[in-house]
Amino acid sequence: MHIGKIKKEFPIFDNKVQNNDLVYLDSANSSQKPRIVIDRIYDFYSKEFSNVGRSVHYLAVAATNLYEQTRTSVQKYINASDKNEIVFTKGATEAINLVANTFGQKYLDEGDEVLITELEHHSNYVPWHFLRKSKKINIEFAEVNDQGEVTLEEIKKKITDRTKIICVTHLSNVTGAILPIKEIVSFAHSKGIPVLVDGCQGAPHLKLDMQDLDCDFYAISGHKMYGPTGIGVLYAKKKWLEDLPPYQGGGGMIREVKKKGISYGELPNKYEAGTMATAQVIAFNESIKFLEKIGIENIEKHERELLDYAVDLLGKNNSVNIIGNPKNKGGVISFTIEGIHPHDIATILDEDGVAIRAGHHCCQILHEKLGLPATARASFGVYNTKDDIDQLNKSINNCKKIFNLK
Amino acid sequence: MHIGKIKKEFPIFDNKVQNNDLVYLDSANSSQKPRIVIDRIYDFYSKEFSNVGRSVHYLAVAATNLYEQTRTSVQKYINASDKNEIVFTKGATEAINLVANTFGQKYLDEGDEVLITELEHHSNYVPWHFLRKSKKINIEFAEVNDQGEVTLEEIKKKITDRTKIICVTHLSNVTGAILPIKEIVSFAHSKGIPVLVDGCQGAPHLKLDMQDLDCDFYAISGHKMYGPTGIGVLYAKKKWLEDLPPYQGGGGMIREVKKKGISYGELPNKYEAGTMATAQVIAFNESIKFLEKIGIENIEKHERELLDYAVDLLGKNNSVNIIGNPKNKGGVISFTIEGIHPHDIATILDEDGVAIRAGHHCCQILHEKLGLPATARASFGVYNTKDDIDQLNKSINNCKKIFNLK
Amino acid sequence: MNLKELYQEIILEHGKNPRNLRKTDNFTRDAKGNNPLCGDNVHIYLKLNENNKVEDISFEGNGCAISMASASIMTDLVRGKEEKEVKEIVTDFLDMIKEKDELSTQLLNEDEKTKLMCLSGVKQYPMRVKCATLSWHTLTSAMNNSQEIASTED
Amino acid sequence: MNLKELYQEIILEHGKNPRNLRKTDNFTRDAKGNNPLCGDNVHIYLKLNENNKVEDISFEGNGCAISMASASIMTDLVRGKEEKEVKEIVTDFLDMIKEKDELSTQLLNEDEKTKLMCLSGVKQYPMRVKCATLSWHTLTSAMNNSQEIASTED
């Protein structure tokens, strides 16, 4: 598959949006879906639908096999050492809540510290905040530097005797900073501290190798990875999944249910209560195949080229101010224009078919630090091209014209 | 739409399954999907996809409107008094976990009692069991009678001064018993006790009117209601949703996030953390429209006819033993055959294309009471016909032949 | 499309140089409003005199051109009005943004109405309606001296 | 299809009249197994003598024809075998069910192998494989005197 032709694999680009070609630069929010994923959902519901795991009839057996095949695909894609280290959730947010809740129940006590960073998405802060209230723990923040990064040194500085878990994003959804996860994990482990990685932005764009990263938990959103909505993955080391209590209770996650007590099922069932997002899990297999077919190295290269091109072009554009300048950066550019509020930028760009996001991107802590209530953000996916960046720049110029800027 | 022609609306029946016409009698597990629902998912991903609520570009605005339209449709369909009483979850199991967790946090203390019934699905027991462990509460069981029902009298008998919430199924997924919810709620309220209804089996088959039922919480699974997997609904009275703490934390559910503290968003955002199952919610609107188009009265009538026909036919079949005989019964028939284990029945029926379920149907408490480790279960949907029942009966006879029974 | 209608000169001008962007001394009522989805926020300060007339009104906050212009124009227009009159104007404005073609209140003159109608461009931009209405909802909270934070979510 | 292969006479017969369905007196080891998805369960009781030979083996439990027949045949075949031999037979059986066409152990005679091969019909029924293997996994647990409950989930 030639990377320049990939747009063709995405039906969304076949149609005009408000008479414009769609220039989709909101992939950090959610990616568009390739045809094979959409078709898979269609076919599954049309010809193969059944609930999984619970019935012995033909369709149920087939669906169960497909469901488990996705687990195996994900395991291989992220190089986890065991397929039962893959837990399906409804999204990364749920994955992080699962860890915060169960790890918190078992291991956090009054006065303990959870170390997060100022780059964290609300999804990697609020679940820990709940524990601050219920368990009287403290949350410490590793600070972001002027480049929009959080360094290993900063993390080291913030670790104390009370630090019980470190929760960091793999790739900032605002500055694009890629954090030195492997080094953070290695240092944390030397202190006996587990590490949770919010991999929402890492998973669609970076080569993943859980055994190499060695992190304890890694949270993924399917919908940002060219997959359906309503499906996410929690990778967790087996020892944790065996050790921690269950999260949600219901059908499928039990071993034996009596009036007096309940025993829980083996992995992976223990963490998959109730009817799961069957069709979404099954279709997610196609997303993985899609990524494998292109090759993550090619994706990284393509997105890096786009990023370099965009940073260069926007950098030359007067009054565009790019937020952060991390050495190691993924395909996300947040920016402001002096004199135009990001929401106005987004609205004006939209008239040209350029879809970006404006706001705090669920990172209020970072925006407070930056002294900005909001930024505009363009983020890339495999389907973007340099033409998209050119159009972005042109539309930014249009903003400036409307607002009488030079 | 003529009810006899409804099978045509479901693409799954267009193809043979292992050379047989599919006789799908596993709808209590999960229903098949009508074409309009499948098409809607396809179209949404192909032409309209965006995340909701977070961006101001055209696709995001359109998706957000569609998402909220489903909320309004559900509100109307179940006659809730406010659209913000509709919370989207990944399924009924999550909906019940949400209530158990948040209600438990705020209102349950050591020694308090949660009253459930012996008919409950594990999804309406295990989440309460968690509280038994963490909060040292007690769980009391209203008993099932010989007909497979739980009566109002029995509920009354089990209520004590310590009863803090009553959790009952609307329609048993094993005996088919329809519980007198309105009466239970009215009595419970007279004692100041809120009621949660597990509406998984009620919602697809019964006319729903929240204001009339007056229950405090009602949990629904989309996938049993001709909708996509990965989507459920928690109906809760507004006073509860305003009063209870949030469940999961993440993007979208906050008002303001600071290092020192966090305030939560208004309804409905407060309970919808992270990226929701956007496509599934949007497509679920088509399920509601589908149900409305047929008319729930017609569905009830059709399923009642099927049920009467089936009870009559199987009742005449030697050695078939139907579990329970509730006065008020929905389209579920669980049965055993003396001398053939339910799993063997299911496997043999499957060879004829007859899909039923065998096992404890996530109701081990009930099965223990019945003295049966497993039962076979045929359950109906709008698409079933008397021919399906005839085939079921024929295939049962085949079982008997294989097992040398008469 | 309708960008011209949305970003009329008067909006851009008020957005850039908002009137009453300060904090009233000795305010008698106030309220905070915020839009959780985009992080915009506004704080309205109100000083009512003994006759329940708006002696001064001001705001602090941060937002897009639309929301700043809306707060700026609003604060200008309600100064000197009685509590009841303010409520009428707020209702009229919100009705107009929501569904009506025109403003109908007799409490504003044609010039003032024209100014306000400049904000009607947001009707074509559903996601931006909240920007235009946030300060108005917050004013209502302040009038009611409500301790609640106003929100544009409904 | 292959129902005939699955439900061979011998399976039906053992399923209906399982051998060794009781509880060994003075058993020396035991283990419980269960299949959480369908609720089937089995309890294996083992009595090894001083030479580590199976002096008696029995089971209690409940399940489909396949699982009852499997437990019944299994208990018959391993009686009198040494611990190491039992392990070899179990491994051989599980390998056969999983992937191999034949049994290869020398510890069983042809008749015994034929009996066991009657259970190979489940290979065509993935959901039923667990029924055939539950008692075998549980026997392994009992041999290891493991306190864990055996489960067919993997």
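Order of writing sets the chain letters: A, B, C and D. Residues in each chain are counted from 1.
As a working rule, contacts are C-beta pairs under 8 Å (C-beta built on N, C-alpha and C of every residue); 3 or more make two chains touch, one makes a residue touch a chain.
For clarity, every value in this text was computed on a predicted model and none was experimentally measured.
Counting C-beta pairs in contact across B-C and across B-D shows that the higher total falls to B-D. Centroid analysis (C-alpha atoms only) places D farthest from chain A. Distance between chain centres (mean CA atoms), chain A to chain B: 31 Å. Chain centres here are Cα means. That of chain C falls 78 Å from that of chain D.
Separating the centre of chain B from that of chain C, both taken as means of CA atoms, is a distance of 46 Å.
Once the centre of each chain is set as its mean CA position, chain B and chain D turn out to be 37 Å apart.
Residue numbers of chain D whose C-beta contacts span two or more other chains: 37-38, 41, 125, 127-128. Among all residues of chain B, those that touch two or more other chains are 18, 54, 56, 60, 252, 254, 256, 343, 347, 358-359, 364. By the definition of touch given earlier, these chain pairs are in contact: A-B, A-C, A-D, B-C, B-D. Within the complex formed with chain B, the residues of chain A that make contact are 11-12, 14-15, 17-18, 22, 26, 29-30, 32-33, 35, 37-38, 41-42, 45-51, 54-60, 90-94, 96-97, 100, 105, 121-123, 125-127, 129-130, 134, 139, 141, 221, 223, 228-231, 246, 248-254, 256-259, 261-262, 273-280, 343, 346-347, 349-350, 353-359, 362, 364-365, 368.
Those residues of chain A that touch chain C in the complex are listed here as 18, 339-344, 347-348, 351, 358-360, 364, 367, 373-374, 402-404. Interface residues of chain C, counted against chain B in their complex, comprise 34, 36-38, 41, 125-128, 149, 151, 153-154.
The part of chain B that touches chain C in the complex is made up of residues 53-54, 56, 60-61, 64-65, 252, 254-256, 263, 265-266, 269.
Residues 1, 3, 6-7, 12, 15-16, 37-41, 62-66, 68, 125, 127-128, 131 of chain C are the ones that touch chain A when the two sit in their complex.
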